[in-house]
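Labels for the chains are A, B, C, D, E, F and G, by order of writing; each one numbers its residues from 1.
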Amino acid sequence: MAEKEIMFNQAMEQLEEIVRQLEQGDVPLEEALTLYQKGMELSKVCHDKLQNAEKQLVTMMQEGKEVPVNLEDGSAK
Amino acid sequence: MRDVYVKGELSNVKIHTSGHIYFTLKDDASRLPAVMFSANAKAVKFKPESGMTVLIRGDVNVYEASGQYQLYTQSMQSDGIGDYYLAFEQLKEKLAKEGLFNAAHKKAFPRFPKRIAVVTAPTGAAVRDICITLNRRYPLAHVVIYPTLVQGAQATQSIVQSIQAANQKDYDVLIVGRGGGSIEDLWSFNEEAVARAIYQSRIPIISAIGHETDTTIADFVSDLRAPTPTAAAELAVPSKAELLDRLLNYRSGMYRTTANAIAREKASLERLTTSFPLAYPDRLYRPFIERVERATESLRRETFQQFNYARERYKNLDKQLATRTPESRIRQSALELDALKKRIDQLAALAVRDNTQQLTSAMRTLDALSPLKIMDRGYSITYKDDKVIKSVEQVEAGDRLSISMKDGVLKTTVSERILTSEGERQDG
Amino acid sequence: MAEKEIMFNQAMEQLEEIVRQLEQGDVPLEEALTLYQKGMELSKVCHDKLQNAEKQLVTMMQEGKEVPVNLEDGSAK
Amino acid sequence: MAEKEIMFNQAMEQLEEIVRQLEQGDVPLEEALTLYQKGMELSKVCHDKLQNAEKQLVTMMQEGKEVPVNLEDGSAK
Amino acid sequence: MAEKEIMFNQAMEQLEEIVRQLEQGDVPLEEALTLYQKGMELSKVCHDKLQNAEKQLVTMMQEGKEVPVNLEDGSAK
Amino acid sequence: MAEKEIMFNQAMEQLEEIVRQLEQGDVPLEEALTLYQKGMELSKVCHDKLQNAEKQLVTMMQEGKEVPVNLEDGSAK
Amino acid sequence: MAEKEIMFNQAMEQLEEIVRQLEQGDVPLEEALTLYQKGMELSKVCHDKLQNAEKQLVTMMQEGKEVPVNLEDGSAK
């Protein structure tokens, strides 16, 4: 639940930090596992947020189009 | 002389505070003092200056105080350049010096004006062009026309009043306009009062006076100059069609940038999820497997090496111990003991033998030297009381004597003692 | 309702600010979506205002009062 | 029980330290045996921890893969 | 009993000293015998300790091998 | 009794001394006999000591040999 | 009795002295007889002592020889 409230950017930054730490390679095994799990969770959170954002964007665009149709047609063509 | 026309060059021009002008009119040969009273001076379009060649109409009378002739000037016209041009140039120079044309003073125009004031004649092409253009381009603005005289003696004041009146209200733009005409028709817009009113306006002003070729002082002072009234309206407001177009662009632009942002983030996420640590998490522990295996293998090897080393060392020692058994020592000692024993036997036997030989030898010599061997030849030994008798004097007749012979003893008694000389000699 | 009361120029300026922010690109995802939505709404407001304003209001200042003018007529006077 | 609480890296480093001691070579026989026993125990601890890690990772990867598939498909195509 | 508590290395050192003394040869016969006997006893002590160690090693090695086999298979495949 | 406490080497030395004395040859007969007797006694002492030593050795070796055989077999194979 | 206590060597020396005196030849007959008699006595003494010594020696030798045989056998085999 709490994860849902994290901002996408924060989640991305945390994910990047985790990847960076894991890439450095001197992380103890247990911590590496914990980081990996956290990373996978963050990855999912980010993914969901992006998918949501995409849906939202498309919805908003289509709502926006309903009225200006004539205008858009007129000017776009 | 009355009502004479004189042409000459102005010199020593002095403009009195009262407005009277004193000067000398001269030509190559002569000089004539002159005065122009303020009432007449007002009508002069330009400012008289020394060196100007002018055409003067006036009267010549004697000035009583000096007793000299003096020219009393009724009117003055510049010779060569027109009066209007001269006046225009002189005002332009003056205002420029004051800084009224400076770009720094130009006010900015709002992009979307709500209220627009138009200072112009209420009728005619100019106002119609402005209103039609504004309506066509931007119907959102409210247009208020300030009916103004733009020509004739009242024009200057009317223009100044309209500008000042508009400044009492809340307008975003002020258009000051007039259709085309002669220089005299447009002259009000070259008046200093109009220029100063424009300059003092807090509302940004677009000027559109006459045709494109006409340039007035008002145009210099205004914040924006339009070549025509229609152009002024176009400059004052944005175009509705353009705005609608722009809105459309904004919509697609916003969608594009947002979609791009999402795509970018998606790519970032993709990059992260396909990064080595996340995509190949087995790398988090695989290197350790090898390391542990290597260490475990080394552990076995080293332990067995240690053990084998200990065992080898032990085997060596055990072998050495076996060679150090006292057995040979015992055998050697036994041999030595045996030898000693044999030797001591020999030596003991030798000792006995040596002594035996020595004894035998001594006994043989003793035997050889035995005094008993003399008696073998017939000698005997006479004893008296176990003493050997060597002289007859040792014996008395009747003594008992023992005579030892080779093969026994004779016991006798002395019957007689006979002394011989030899015996005597021996005795002595 | 509130949107109806906003002035066209305010709406346009807000819209342009949103466009500018979105183009700068460093807007967090969630805010970008919010901005997009706001932008679409403003865009609609502006569009409606432009499209609905069919005729210009023209008045004439006469003796300190604004007097309506029929332009064709006014110019004819 | 206490062994379970040791960190993998600690166990591995202890194991390597034991090997290093044995490699120095002048270890008394009894100590060598003790070291060997300790080493084998550590080796087992390390091995168990690694196996656990592998299991955990496999589980996490499978959980993680269930969702992202759509994203990967969506963005990759 | 006391001999059981002596360390292998100590026993070895004592044995070496005895061998050295016996090599020098100027030891009286009786002492040589005593030394030799002591040597034989130490040799037996060392031998027993080695045999014990070997048993222990073999046992530990077999216990140790039961588990790692899986890991080796797992990681090698 | 006292002779039993004499060391083998001492006895041998004394015996040698006796031989040396006898070899010098000027030993009175009675003393020679006494020396001989003393020599014989020493000889017996030495002899007994040697025999004892041999017995001891044989015993020790038989005791010692019983065990080590296994180790050598074990390690040699 | 007293003669028994004389040492063989003393007796021999006395005997040899007597012989020497007799060899000089100027000994009065009576003394020569006495010396001779003394010599004879000493001869007997010496002879007896020697015979005794020989007996003793043979006895001791036989006693001494009985034992060492075994050792030589034992060690030779």
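Here, contacts are C-beta pairs under 8 Å (C-beta built on N, C-alpha and C of every residue); 3 or more make two chains touch, one makes a residue touch a chain.
The chain list, named the UniProt way, goes like this: A, C, D, E, F, G = Exodeoxyribonuclease 7 small subunit.
This one's a predicted model, so the numbers in the text were calculated from it and none came from an experiment.
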> Based on CA centres, what chain would you say lies at the far end from chain F?
Replying inline: C
> Using each chain's Cα centroid, which is most distant from the centroid of chain G?
Replying inline: C
>> Taking each chain's centre as the mean of its C-alpha atoms, which one lies nearest the mean of all protein C-alpha atoms here?
In response: D
>> Count the C-beta contact pairs for A-B and for A-D, then tell me which is higher.
In response: A-B
> Roughly how far is chain C from chain D, going centre to centre by Cα mean, in whole Å?
Replying inline: 68
> Roughly how many whole angstrom separate the Cα centroids of chain D and chain E?
Replying inline: 34
> Counting in whole Å, what is the centre-to-centre distance of chain C and chain F, each centre being its mean C-alpha position?
Replying inline: 135
> Touching two or more other chains, which residues of chain E qualify?
Replying inline: 8, 29, 33, 36, 40, 43, 47, 50, 53-54, 57, 61, 64, 68, 71
> Which residue numbers or ranges of chain B touch two or more of the other chains?
Replying inline: 244, 251, 255, 258, 262, 265-266, 269, 273, 281, 284-285, 288-289, 296, 300, 303, 307, 310-311, 318, 325-326, 330, 333-334, 337, 341, 348, 352, 355
> In the complex of these two chains, what residues of chain B are touching chain D?
Replying inline: 266-267, 269-270, 273, 281-282, 284-285, 288-289, 291-292, 295-296, 298-300, 302-303, 305-307, 309-310
> Where on chain C does chain A make contact in their complex?
Replying inline: 28-30, 32-33, 36-37, 40, 43-44, 47-48, 51
> Given the complex with chain F, which residues does chain B contribute to the contact?
Replying inline: 311, 315, 318, 325-327, 330, 333-334, 336-337, 340-341, 343-344, 347-348, 351-352, 354-355
> Of all residues in chain A, which touch chain C in the complex?
Replying inline: 7-9, 49-50, 53, 56-57, 60-61, 63-64, 67-68, 71
>> For the complex, give me every residue of chain E touching chain B.
In response: 8, 12, 15-16, 18-19, 22-23, 29, 32-33, 36, 39-40, 43, 46-47, 50, 53-54, 57, 61, 64, 68, 71-72, 75
